[in-house]
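Paired with subunit B in one complex and with subunit C in the other, subunit A is shared by the two complexes that follow.
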Partner chain A sequence: MEEKKNQIWAFIITGALILISLLYYKTNVYYMYLIAYIWFGFAYGMMLQYGRFCFASASRDLFAAGVPRMAVGILVALIFFSFIQAVLASTNMSTFHPAPFGIHTLIAGLIFGVGMVLSGGCASGSLYKIGEGNGTSFLAAFFGLCIGQAIFVDVTWFNFLMPQKWIDNAAAKGLPASVMSSSFDTYLAGYVWDQPVLQLSKTQAAQDALPGVSKYFVADMLLNAMIPAALLLIVIYAVWMRKGFMKKRAKTKVGATGFGDDLAGIWSMITASKRTTIMGVIIGIVAGLHIFVMKGMQIKFGVGNFGELLTRMGHSADTSIKGTVFDPGYWYITSQEGQFGAWILEKFGWNMRDNIFFGVNNGLPDPWRNPALWMSFGIIFGAFVMARLNNEFKFKLPKGELIVWGLLGGLLMGVGSRPALGCNIGAFFIRVAGGDPSGWLYGTGMVGGAFLGVKFFNWWTERKMAKEMESF
Partner chain B sequence: MAMKFEKKGDGVYELDVCGYVCPHPQIYCKKSIEKMAEGEVLHMIFDNPSSGETVKQMLDQAGHELVEERKEGSKLIYVIKKG
Partner chain C sequence: MKTSLVIVIVIVIGILGFLLVYSQQHDMPAQAAQGQAAGYGSAPASGGYGSAQAAGYGSAPASGGYGSAPAAGGYGTAPAAGGYGTAPAAGGYGK
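And now, the complex of A and B:
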């Protein structure tokens, strides 16, 4: 009976999304662009839920439980995604753009890393867990990633942290005062915009040494993504898996263990959780396909940003002063949640367009015309459908301490995703695969933050265990 | 909602972490096993499917045995023997 009910729910949601897509298409063919985001989001949601694919668990489970399942899954996804990225870049079909490189990336990753451990899921993980009925993830995503992030980019609370140099640099950019009001604006225009942007294939060394399209495959794919990912797999095996694997191996093998056994050990680590590793492969491929489709849409409609299509359809009020909206062209989380939070705050009379983030860069479209936000909704719905089909959906209201962890972790994720202009997906996964070393800097920060978060939780849970055991 | 770790009998323990989400179930599972002696049994009750995959790999790596795995409604029950 329960199974039947779950299947009906899965059909209802899928059917509703098909209907919504048809309605958009009927309204205007330009909405094909938005429909593509919906269904890629839906696919991500299904895959994330099936593979239990959460970036928070990658480093957290390594430190907390010594389990490399998710770290392996992410590195596998990265390897496949970097190959597709290189193919797309070499055929001029990539929408990838690197980000400013600097210490801010590491610090932002650190804050985000602590947040994702406290809340129990990264930015994408929180969305798929909402689809499983997880109320704590909803708190983290809604109050942290949506509302918290929107407030963070619009307030002047952090002006005391802004050096005079940044204030002078920002003023020299000549932006109208109507879109320069917050501390974050000073940070963006006074510091971030002046930082170097690095993509290995675009460096002079790569241009000189690697002819034609080989620079995308050698510099971006091999040097920036595949080789570091493979090295990390070896490090993870050596630190967390090798001892246990060799012990088991020695019991069943006659003679000494050697290099061949280590290779078998690495393979055993990669295949230990098949559903996660297989999803890693598919997510890597789909994320690449997503870029291809979005670039194709841009070529078809002759635009570089969905804001241009919104303007053509008469919705110029949705866009920024540059005529753009947030339209990454690939898998991305957090910025669109910030837009959703800002849209809600505007309904309460808060002017959210007087800052660079919304006023100049990302615009503030209504949620139903926000392509990237539809991708986030798609992730929730895709995960919901997959969880229902596997009878794993359960609505869980956040209670007790989980409310605190959800809110605090969500806020730290919201704040940690802004200074580096992205989260575990946009600032780490996409950038690393695209040849931007700043992705690794953000990843390093995330792992460091996760380590601190796990240290805290270890202390906290040890206290609770000791209390429980008083009666033994 | 509260985590419960109880001694149910001679060498048998129960960990109830229903309502908890990642990473709490896997951390409490690890800590519970650490408190037990070799050969003792832990009944772990939880309802966060994402934790299950991690717990299984953790048991396998540490040499503990997952004696039984069953589902009662939305609750998952793992019977674990410390190795």
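And now, the complex of A and C:
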């Protein structure tokens, strides 16, 4: 009976999204652009839920339990995605943009890493867990990533942290005062915009040494993504898996173990969880396909940003003063959630357009005309459908300290995703695969933050248990 | 694998496949072409910062996750009186 009910729910949601897509198409053909985001989001949601892909789980499992399954899955996905990215870049079908490189990326990753462990899900993980009925993830995503992020980019609370040099630099950019009101504006215009933007294939060395399209495959794919990812797999194997594997191997093998056994050990680690690894491969391919489709849509409609289509359709009020909205062109999570939070706050009379983030760069479209936000909704719906079909959906209302961890973790994720202009997906996964070394800087910070978060949780749990034992 | 799951997967693959083919057909759809002819494509009326795509902020930047801040010459290429000051460095945020 329960299974039947789950199937009905799955078909209702899938059918509703098909209907919504048809209505969009009927309204204006330009909405095909937005429909693409809906369905790629839906596919991500299904895959994330099925593979239980979550950067927070990966870190927690690795550092707290010594289980590398998820971390390996993420690295496998990264390797495949980098290949697809290189193919797309070589055919001029990539929408990838590298980000400013600097210490801010590392610090932001650190804050985000702590946050994702506290809340129990990364930015993408929180969305798919909402689809599974997880109330703590909803708290983290709604109050932290949506509302918290929107407030963070619009307040002056952090002005005391802004050096005079940034203030002067920001003023020199000549932006109108009406969009330069927050501490984050000073940080962006006074610091981030002046940082170098790196993509290995675009460096002079790569241009000189690697002719034609080979620079995308050697510099971006091999040097920036595959080799570091392979090295990380080796490190994970050496630290967490090798001892146990070799012990087992020595029992079944005649003679000493050697290099071949280590290779077998690494392969065994990669294939230990077929579900996660296969999903890693498919996610990598679908993420690449997403870029290909979005680039195709841009060429088809002769635009570089969905804001231009909104303007053509008469919705210029949705866009920033540049005529743009947030339209990454690929898998991205947090910025659109900040837009959603800002849209809600505007309904309460808060002017959210007087800052660079919304006013100049990302615009503030209504949620039903926000393509990237539809991708996030798509992830939730896709995960919901997959969870229902696998009988894994369950409403779990947050209780007690879970409410605190959800809110606090979500806020830290929101705050940690803004300074680096992205989260575990946009600032790490996409950038690394695209040849941008700042992705590794963010990843390093994120893993460091996750490690601290796991240590904090261990300390907290032990302290709590000790207190309970005392009173027992 | 359950039949219901297979059905949903087939639907999703079908839709993604359709979007893939659709996005690579680069002829302008009739409705879009009509829309542009009717004036959708023209720059919106000036409203404080000038039109989105007219000189002043430059053309809308290519999509970029970081909001691709002012391209070279953004915010008033060689600002005329009432412009927005000096042009920021090329590239900038997320370019």
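The rule we apply is simple: the second predicted complex is superposed on the first by the 463 of 472 C-alpha atoms of A that agree within 3 Å, B and C clash if a C-alpha of one lies under 4 Å from a C-alpha of the other, contacts with A are read in each partner's own complex, and residues count from 1 in each chain.
Just so we're on the same page, contacts are C-beta pairs under 8 Å (C-beta built on N, C-alpha and C of every residue); 3 or more make two chains touch, one makes a residue touch a chain.
Keep in mind that what you see is a predicted model, and the values were worked out from it rather than measured.
With subunit A as the common reference for superposition, the partners subunit B and subunit C occupy compatible, non-clashing space. Of the two partner chains, subunit C is the only one that A:99 touches; subunit B does not reach it.
Once the two structures are overlaid on chain A, subunit A sits at the apex of an angle of 160° toward subunit B and subunit C, using CA centres and rounding to a multiple of 10.
When both complexes are overlaid on chain A, the residue A:176 reaches subunit C alone and has no touch with subunit B. Once the two complexes are laid over each other on the shared chain, residue contacts for A:251 go to neither subunit B nor subunit C. When subunit A is checked against subunit B and against subunit C, the one touching more of its residues turns out to be C. By the touch criterion stated above, A:347 is placed in contact with neither subunit B nor subunit C. Across the superposed structures, the minimum distance from subunit B to subunit C, using CA atoms, reads 18 Å. For the contact definition in use here, the residues of subunit A common to its subunit B contact set and its subunit C contact set are 390.
By the touch rule above, subunit B contacts subunit A in their complex via residues 1-7, 19-24, 26-28, 30-32, 35, 47-50, 53-55, 57-58, 60-63, 73-74. Those residues of subunit A that touch subunit B in the shared complex are 2, 52, 54, 56-57, 60-61, 64-67, 69-70, 117, 120-121, 129, 132, 134, 136-137, 240-241, 244, 272-273, 275-276, 387, 390, 392, 394, 396, 399-400, 402, 454, 457-458, 461-462, 464-465, 468-469, 472. Residue ranges on subunit C touching subunit A, taken from their complex, read 2, 4-5, 8-9, 11-12, 15-16, 19-20, 22-29, 31-32, 35-36, 40-41, 43-44, 48-49, 51-53, 57-70, 74-76, 79, 83-89, 91-95.
Interface residues of subunit A, counted against subunit C in their complex, comprise 7, 10-11, 14, 18, 21, 28-30, 32, 35-36, 39-40, 42-43, 46, 95, 97, 99-100, 172-176, 188-189, 192-194, 197, 286, 289, 292-308, 311-314, 316, 319-324, 326-330, 332, 335, 356-357, 360-362, 382, 385-386, 389-390, 421-422, 426, 430.
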